[in-house]
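Consider the two complexes below, in which chain A is the common component and chain B and chain C are the respective partners.
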Partner chain A sequence: MKHLLKKIAMLAVAGGIAASAQASPEADREAFQNFYKNRFASVPMEEYPNGVYSIDPVGRENWEAIEEFPPYEPFIDEGQAMWEKPFANGKTYKDCFADGPAIAGIYPLWDKKNGMVITLPLALNKCREANGEKPLKYKKGSINDILSYIAYESRGQKTNVIIPKDDPRALAAYEKGKKFYYTRRGQLNFSCANCHLQNAGMNIRADRLGPALGHTTHFPVYRSKWGTVGTLHRRVTGCNKQVRAKPFKAQGEQYRNLEYFLTYMSNGLELNGPGARK
Partner chain B sequence: MQNKMIGYVMILAMLLFGGLSTVQAADGAKATNPEAAKVEKMIADADKARKKAASVEGEWRDVGKMLKKAKAALAKGDYKTAKKLAAKAKSQGEMGYKQAVAQKDLKMPSYLKY
Partner chain C sequence: MTISTKLLGIASAGVLLAGQLALAPVASASGPSMVEEGKNIAFTRKKGNCLACHVMAGGKAAGNIAPPLGAMQSRFKSKAELKAQIADATVKNPETSMPPFGRHKILSDAEIDKVVEFVWSL
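The block that comes next holds the complex of A and B.
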């Protein structure tokens, strides 16, 4: 009898794991957000776009002081000039993005025609290439100017990633991103979730680990460490390097799918980019 | 005249064989240096392990750098350093592969409540 109960308990645990591994994106998001609601009960949901400063009062004081003279402002101005400057063929970004420049809220999106996740930086480069311009680099440089401008113009929009039900490839891309997020990698054997979910709020050396919820709302971000503004994929590259894993290509399939999953987890949160971080 | 001819042929033969033997000696040194060949194989094996890990998205950060350094050490004749680096790279390549394969299936953490 004892043996049978043990077996039933093991089956129930295994069943639970399998069920959550195959849960719907909405169930994933609910579990994800509830985790933070329980861990940081006093932090209102609308605070999470502020990243680690939603849970670190000392860091927040410094950040608020920095935000009085935002270090990303010159990048917004540069980005506006880029947006308005015609390409060599006379067209502008506006010809690609009729609703622009406040378009950050619709990205990342599923491109049914090409069967892939399209992020904002990728869409910008597709526009440039379609107009005979050279694509911009995906981690550093002037892509951050135009992204800063678009992010600034999109402030206040709500994160609203859609996984269309009429194309199973979209869900598969989301699942791949989810798998990436929970997979331990590198010599240190850490997954994204180990730091930003399981240990959010704990210290790693002198730094507080920020919650993953809201991670995608404030990019591109000016990091004091970088001394400039950088893209989300640059930051993810840094994370992978920190756990001693070989990073993947910025805007490659792995990071685009990861962005699709991670941004979906923040659905409902307000966009507040560009941000400033340590 | 005939003697002169024989003399030229002999000089030519000496030059030719002398040159050949120098080349053969250099190749022989490389081929018969078991240490160099051993290190070369170790580096090739480590690179194979790195590629295997990369095929399952499990390559670790420093394996490629280690292999570069191992090749440079081999070129300088520093076999001890080259061997050490190649062995470390191979071990990390193998561990990266095992790590990725062990997580082939997604397992959600128990702290997430569904």
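The block that comes next holds the complex of A and C.
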């Protein structure tokens, strides 16, 4: 994997980017995005939020047909009702999120006080618990309704993850997420990067492997395989199971740090959730 | 290896393949042959799932992550060398995407032997 990272760094240099001796998240992001620019030279950067359909013309036709009657629409409506319905104490989500509902663009964010990455699902549950409501489950169920509504209202915002320089723990969390991404795991011995970086654009059986760039922009996602909308952490759980690794807890430290790194890699890309995937 | 010896290798692999195909029906009298059993293991998704990445004769909708499997006897010196590659491809190439079927016990040693017989016949 070291070798692959070196290759990416070399690509970055070839692309005219002055890679500093010490890797920084910003140098990582430039190298990461340049890797795909080089591999898929004809794909414009603004296409990557469309995931694998940016590089799979056949899959794209089916996807565009699905998007004519988006399967995630009822979930957006349900989510709007949730957003507007007062809690038992009379308050609403709006009391926690004054700028809401279009707030997806600020997550995941670094919480200096608690020294941890806060994702949107985690923030929603913190709001519920502060108002005496039960937290929602993090993979399936109604959390996906409110996430669909917030994602829809946030469409057009740009991914802009910030790693504050005044707290070294934020960089450490990013580095942990990065390490997770490049570490082989499971009986089948795959890292996230093996499939979505090294082999992006190749076919595994009849399925094309999508680029990692843009992976975070369109969640939650209506997946035909699930027959419903699911969270990013549900999807990552599925990835881990596919390589026969024991999945980590949704919204646990590992997946939150992974989301921090992976979303940072897509900085600059437009949010376009909720998405539809096969 | 010169081009002519390589061609010879491929040609002789073809002769061997033809020979094995001719022998295959005989083996079925006492259950499936090693080659047939190996093919089943190689093609089964929960076992070898080799078609996820390799194109090979008889397999449908194969992936293209890894090289097509053919003329194997010109690519590997011996069955032992082929077995070592299936058991742990990271030895030769640390960057490989190929799962280490032996090292991680994805397949048993006996299963790998059968897969070797099948792949050697390609």
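In this text, the second predicted complex is superposed on the first by the 256 of 278 C-alpha atoms of A that agree within 3 Å, B and C clash if a C-alpha of one lies under 4 Å from a C-alpha of the other, contacts with A are read in each partner's own complex, and residues count from 1 in each chain.
Everything below uses one rule, namely that contacts are C-beta pairs under 8 Å (C-beta built on N, C-alpha and C of every residue); 3 or more make two chains touch, one makes a residue touch a chain.
Since we're looking at a predicted model, the values are computed, not measured.
Trainee: Judging by the criteria at the top, classify the pair chain B and chain C on chain A as clash or fit.
Mentor: Taken together on chain A, chain C would fit alongside chain B, as the superposition shows.
Trainee: Based on the superposed arrangement, let me know which partner A:N199 touches: chain B (first), chain C (second), both, or neither?
Mentor: second
Trainee: So, A:K178: does it touch chain B (first), chain C (second), both, or neither?
Mentor: Only chain B; A:K178 stays clear of chain C.
Trainee: For A:K113, using the defined touch cut-off, is the partner it touches chain B, chain C, both, or neither? Pick first, second, both or neither.
Mentor: neither
Trainee: Contact-wise, after the overlay, does A:F190 reach chain B, chain C, both or neither (first, second, both, neither)?
Mentor: A:F190 contacts chain C only, not chain B.
Trainee: After lining up the shared chain so the two structures overlap, which partner does A:A27 touch, if you call chain B first and chain C second: first, second, both or neither?
Mentor: A:A27 sits against chain B, while chain C stays out of touch.
Trainee: Touching A:K134, do we find chain B (first), chain C (second), both, or neither?
Mentor: Neither: A:K134 stays clear of chain B and chain C.
Trainee: Quick check for you: in the superposed arrangement, does A:F35 touch first (chain B), second (chain C), both or neither?
Mentor: first
Trainee: Does chain A have more residues touched by chain B or by chain C?
Mentor: The partner that reaches more residues of chain A in the superposed model: B.
Trainee: Just how close are chain B and chain C at their nearest CA atoms in the overlay, in Å?
Mentor: After superposing on chain A, chain B and chain C come no closer than 6 Å at C-alpha.
Trainee: Which positions of chain A sit in both the chain B and the chain C interface?
Mentor: After superposing on chain A, chain A residues 187, 189, 198 contact both chain B and chain C.
Trainee: Name, in rising order, each residue of chain B that touches chain A in their complex.
Mentor: 54, 57-64, 92, 95, 99-100, 103, 105-114
Trainee: Note which residues of chain A are touching chain C in the complex, please.
Mentor: 1, 3-4, 187-190, 194-195, 198-199, 202-206, 209
Trainee: Which part of chain A faces chain B closely enough to touch in the complex?
Mentor: Contact set of chain A toward chain B: 16-17, 19-21, 23, 27, 31-32, 34-35, 175, 178-179, 182-187, 189, 193, 197-198, 240-241, 244-248, 254.
Trainee: Give the list of chain C residues in touch with chain A in this complex.
Mentor: 51-53, 61-65, 90, 94-95, 97, 99-100, 104-106
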